[in-house]
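Common to both upcoming complexes is subunit A, partnered first by subunit B, then by subunit C.
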Partner chain A sequence: MSRKITFNIFRYDPQDSQDKPKMERYELTETDGMTVFIALNQLREQQDTSLQFDFVCRAGICGSCAMVINGFPTLACRTLTANYPDGEITLMPLPGFELIGDLSVNTGKFMRELAERLKLWLHPKPDDQDMHRLENPMAPEEAARIYELERCVECGVCVSACATKQMRDTFVGAVGMMKIARFEMDSRDNRSADDFYHVIGNQDGVFGCMTLLGCQDNCPKDLPHMQQIAYLRRKMASTIL
Partner chain B sequence: MSEKTRVPTAINGGPFGQAWSARADCLQSLTGALLGAFLLVHMHFEASILLGKETFYRFVQVLEGGMFSATGHGWPLVTQIFSVFILVIVVVHAALALRRFPVQLGQWRALRGFMSNIKHKDTRAWYWQMITGFILFFLVSAHLATMILDPEIGPHLSADRVYNGHAWILYVVFLPVVLVHGLIGLYRVILKWGVSNNRSLIRTIAQVLMIYLLCLGSLSLITYISIGSELTLPVQPFIPK
Partner chain C sequence: MKLIYTDSLIIGAGLAGLRVAIATKERGLDTLVLSLIPAKRSHSAAAQGGMQASLGNTVKGMGDNEDIHFQDTVKGSDWGCDQDVARMFAHCAPKAIRELTNWGVPWSRISAGPRDVIMNAKKVTLHEAEEAHGLINARDFGGTKKWRTCYTADGTGHSLLYAVDNQAISMGIPVHERIEALSLIHDGKRCHGVIARCLVTGELRAYVAKSTTIATGGYGKIYEISTNATICEGIGQALALETGVATLGNMEAVQFHPTAIVPAGILTTEGCRGDGGILRDKDGHRFMPDYEPEKKELASRDVVSRRMTEHIRKGKGDDSPYGPHLWLDITILGREHIETNLREVKEICEYFLGIDPCKEWIPVRPTQHYSMGGVRTNATGESPQLKGLFSVGEAACWDMHGFNRLGGNSVAETVVGGMIIGKYVADFCEQNALEIDTALTQKFLDKLQNEIDNLVDGKGTENPFEIKKEMQRIMMNYVGIFRNGPELDKAIAELKALLLRAKNLGLKCKKRHSNPELVEALRVTRMLKVALTVACGAAARTESRGAHSREDYPQRNDKDWLNRTLATWPNDESLEPVLHYEKLDVMKMELPPGYRGYGNDNNIAHPDTEKRTQEINKITAELGNAPDRYALQQALMPYTLPSHLQPANERLSDTLAVIPSQPVGNKSL
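This part shows the complex of A and B:
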């Protein structure tokens, strides 16, 4: 039998100077296989058209619908309402990002600034600049290793789940280190260990990370943040010892 | 985020300008691991009182270099020198760990806000490690000051200090605080450098050690109090049969 579930949703429009942050309650009838994302769409269609939240793919690929669900930052489209036996679900926007409104935050702006700051794109080798030339073949093992880290969808969960990042704004966070690790292991990239050291071998990078492991525990793509950051830390430390 | 102006100094210049970030992180982990390892050994040495006065006396005798001294008792100076050595490590560790404290009100608010919104066990564990670390600034200083100024150790002399000198008040607080700080620290330092990635196993070991050492330390303390309460004043050093 379908049950009633209650949503407590953070509401605030920073564009409206009269508005104040508040929590609002909504009720709806649960259906089979309902995700928080489906529920939010129903609420917006049937109860409150002003409710703001982001989504694109509905399948855990785009990373747009990340939010804090009952205290855990995760993707709404991959969270079943059936996971909450008491039927009470509290939704908050991801902390640490610019709030667009209600549950919608500007992760795109953050990711772009991070990419520009850490130069998160492939820096080809000098003899590999001709885009008309066929790329050198890559060993399947290397491609697989890069692909493992390339799975990051930039949802922002690791940033919100990291108390270090929340306390220190300049800290690059797991997403930045994951992407640096991705280029560091890419044989096509011209940057040396020293170049990467200059970017994340400091208090804002691997040596500022306190291993609180919020990134590891909440990443919806189960990326190996703990091992990856430990690897970078050892590698960066070995360059000065 | 714009680049900041950096004025080159002795610890912030040259091609590896921020090498001190790496050194500080390595040194903090190293001193922490040393102190954690010392804690485990120390707890067992002082618990030898549970096996009888004679056993404890023999342990002290060996550790204070009894086999090299004419009297066979060893020298309390060894305890003094070792205490100074530990104090130096503690000071280095504390100075480096201060970097991690949310020293500004904004950082403290961010941390408290984070903890009230996001449920994350390891962040909570670190929070308690930080709080206990702060308390230890004072408790370790008091403990080591006692050992440096009054280094006489023995079944009767230690028990006298604990019971008649009211040091038991210090140790009742010291024991749980140092165990929480040290064992969470050891768990985190292992994961931080990737010594092992088996997190659940390390967590279980830390939890078992916590209970075991708490029982061991409590029983030892009760034993010292019991011995101290039976001593007649002025206290005479224990003489082995």
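This part shows the complex of A and C:
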């Protein structure tokens, strides 16, 4: 039952001035339950020790390993090779991010800069809770709604799947808007709609989105990007009326 | 030499490291964090089920307090923990939960009124008090008397890590990503920082600091099958070990989680069983009540993992190409519950197993999960041997877990330990000057440079990937759930042979910058020393305690082994650590050794146990009828905390006129 599968992998070392971007082919024998994580490690250990890629949790939780697999950006760790019946798998690094080498991109730097630019943290109200006292109640439904949006793992898939982002470097992307929506709905956050409008009520934010919804189609956590972008647009539009 | 200096240097940007960073930055200290990866990708994010804190909001947690959390933790540790530290922890856990609320964690909240839950495979309706509506909820976990594990669905670690990292970003704390600390700069008495390598450019840098905090997580990846992330390779423990001065504590205490999926070894949370899931064998029989009639699936992890292994050895496992396994059945919880409270588990089942856990059982087996051992510290988080070296979280042996950690106590340790130890790190930085000894720093940098030159330019022939795989196989086969003398001796001999072979590593890829093979080679030697420390500790400890289970010494032996293993690595030529032991003093314990309430009751008593028990009875009697529990605690085992963490924790029960009654099916130990 084990078959040979072929990987076409993007190779480039930007730190080596002699190197040029190229595709390389590798073959290996598929095993039961093989994921792209297992396959890439096997290739590195047995065929090419210089191969660069990023995995951390290898369980679809940490968001480290997003790459473009046969044309679609997704998490490599939980992608089974068996999903590709012809046994041909092409791996490209996630576009829209600084390339570190081969399949490794610098999503960390991008996400930190985004957080600093959009101030993506809870801005507490002055009546901040005393940690020795009983906590303030929160509606159970509100907690559940916040968690629903907070499941983003900053994998960068939405950014790489976004046509607007590819044309406009300063666009905050679905990840930025999802996080803004998350804090906007949090009753503990002191910011008003006006404050959020200053950050995303422009071409780099909600009014830049072309609604092609590559984010919605590819998000590995099935976050409701379409709904949140529409919600923020309505909210921001009502702010200026 | 590239030299960067700061006040507070932290290695590791998971929950524990970031919480210390926040504590020192709050005090106006220059703070810098090094991380292999972006902070939000740290392994803390993988914690699913929750965080223990005795809030006592839910009806099944009513009456909970620090005393009960402390007792559960000590019993869970099989009396191997430091009881002072367990007390410090239990007292501060509710504070940490509430602080995290301020930072944005959307804890699952209680809805007043009826609530259907599954308990002992039956549906039970609980009634939550009106006054509890909107307060932080809790679920049941193994080894706990009360429902105490606070959660955000099954993404608790993710929510916490995001909130804490966001807080760190808001304070402008820099995280130097893709930087690997590979040796500590020290003069035998004081730690002065680290020598680190940039994983992208290959540059070596000296980070010199007043305090250095190791918060690099556990060493699970010395095992072949582990729930741990790829980065949990024990390099933090190796940093301390290689000083030859700092000690590692209880390295043989390694936890196996009962329910990781087969074959991928990915965790499904204890919340599955806490919420009512059960374990079944190949005949579909629910076997845990046969072994543990009281606690069933919710005995502590070491006990459940051993019972599962015993059951598999009786031929009751289901066969698979990857060996026998058992089944976790959560179908009885219903789709709605799974899709809201166990959605991560559902995703994992769908992607890695191709099954729907609402309809099908999940193939599981015990898998390496947690490192109770680590860099030995005192109660303030500082190494007793090397001034200025601190450690926190899973990386450390602060020692609230002893020989077995309770589920929900690891995430809790990261933020609670970070909160307490962060304060002591800040104190240290304020009280000590920065010492920059460039000759000493250069010596450590040259040593690492030399190691890299030998790997890249040398004529070695050994393959680092093969050596690592071999080590992982040895640890899995001979230093696993059940251990015995002959197998441990075999493990030590084989690991030593590997360490010798590792002196002859050679690389195919000769790049000095981003070179994964070089990274592997630098790590594998360090990992082997950590693995040897685990194996030697396990071979020397001729008793069974918590997760350390010896087939040839099945009793917990308080008479001879109520102590903590300490290990040092003598020098670069050594092939094994030197072990010594730190006694645990029964006469100072608030809770003298006894039966845990689950697992085997076959302990060899310590001669002081009876004496201490009588002393405790006397002290209790002297305080009169129904003594104040705080006064009693202080009389039995006084402990200290930073003053701002000392106030009592307010609970719902303090504000209620009538305490809601417990429903039927109340847990008992």
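Heads up, the rule we're going with is that the second predicted complex is superposed on the first by the 234 of 241 C-alpha atoms of A that agree within 3 Å, B and C clash if a C-alpha of one lies under 4 Å from a C-alpha of the other, contacts with A are read in each partner's own complex, and residues count from 1 in each chain.
Just so we're on the same page, a contact is a pair of C-beta atoms (placed from the backbone, for glycine too) under 8 Å apart; a residue touches a chain by one contact, two chains touch by 3 or more.
The structure displayed is predicted, hence computed values, not measured ones.
Could you tell me if A:52 is touching subunit B, subunit C, both of them or neither one (first, second, both, neither)?
A:52 contacts subunit C only, not subunit B.
Hey, is it subunit B or subunit C that touches more of subunit A?
The partner with more contacted residues on subunit A is C.
For A:193, decide between first (touching subunit B), second (touching subunit C), both and neither.
neither
Considering only the touch criterion stated at the top, classify A:236 as touching first (subunit B), second (subunit C), both, or neither.
Once the two structures are laid over each other on A, A:236 reaches subunit B alone.
Does the superposition put A:217 against subunit B (first), subunit C (second), both, or neither?
In the superposition, A:217 contacts subunit B only.
Output check: A:23 vs subunit B and subunit C. Expected answer is one of first, second, both, neither. What do you get?
So A:23 meets neither subunit B nor subunit C here.
According to the stated criteria, A:151 is in contact with first (subunit B), second (subunit C), both, or neither; which is it?
The second partner, subunit C, only.
Which residues, counting only subunit C, touch subunit A once they are in their complex?
Residue list for subunit C touching subunit A: 37-43, 45-46, 55, 94-99, 101-104, 106-111, 133-137, 152-153, 155, 158-159, 162-163, 166-167, 169-170, 175, 177-178, 200-201, 229-231, 263-264, 266-267, 321, 340, 344, 347-348, 351-352, 354, 465, 507-509, 511, 513-517, 647-652, 654-655.
Spell out the part of subunit A that touches subunit B in their complex, as residue ranges.
These residues of subunit A touch subunit B: 68, 70-73, 92, 95, 113, 117, 160-161, 163, 166-168, 170, 194, 197-198, 201-203, 206-214, 217-218, 226-227, 230-231, 233-234, 236-237, 239-241.
Provide the residue numbers of subunit B that touch subunit A in the complex, in ascending order.
Contact set of subunit B toward subunit A: 1, 15-19, 21-26, 99-100, 102, 107, 110-111, 113-115, 117-123, 126, 188, 191-194, 197, 199.
Using the touch rule from the top, collect the residues of subunit A that touch subunit C in their complex.
That would be residues 13, 15-16, 32-33, 35, 44-45, 49-52, 54-64, 78, 80, 100-101, 104, 107-109, 111-112, 115-116, 119-122, 124, 128-140, 142-144, 146-147, 150-151, 153-154, 183, 186, 188-189 of subunit A.
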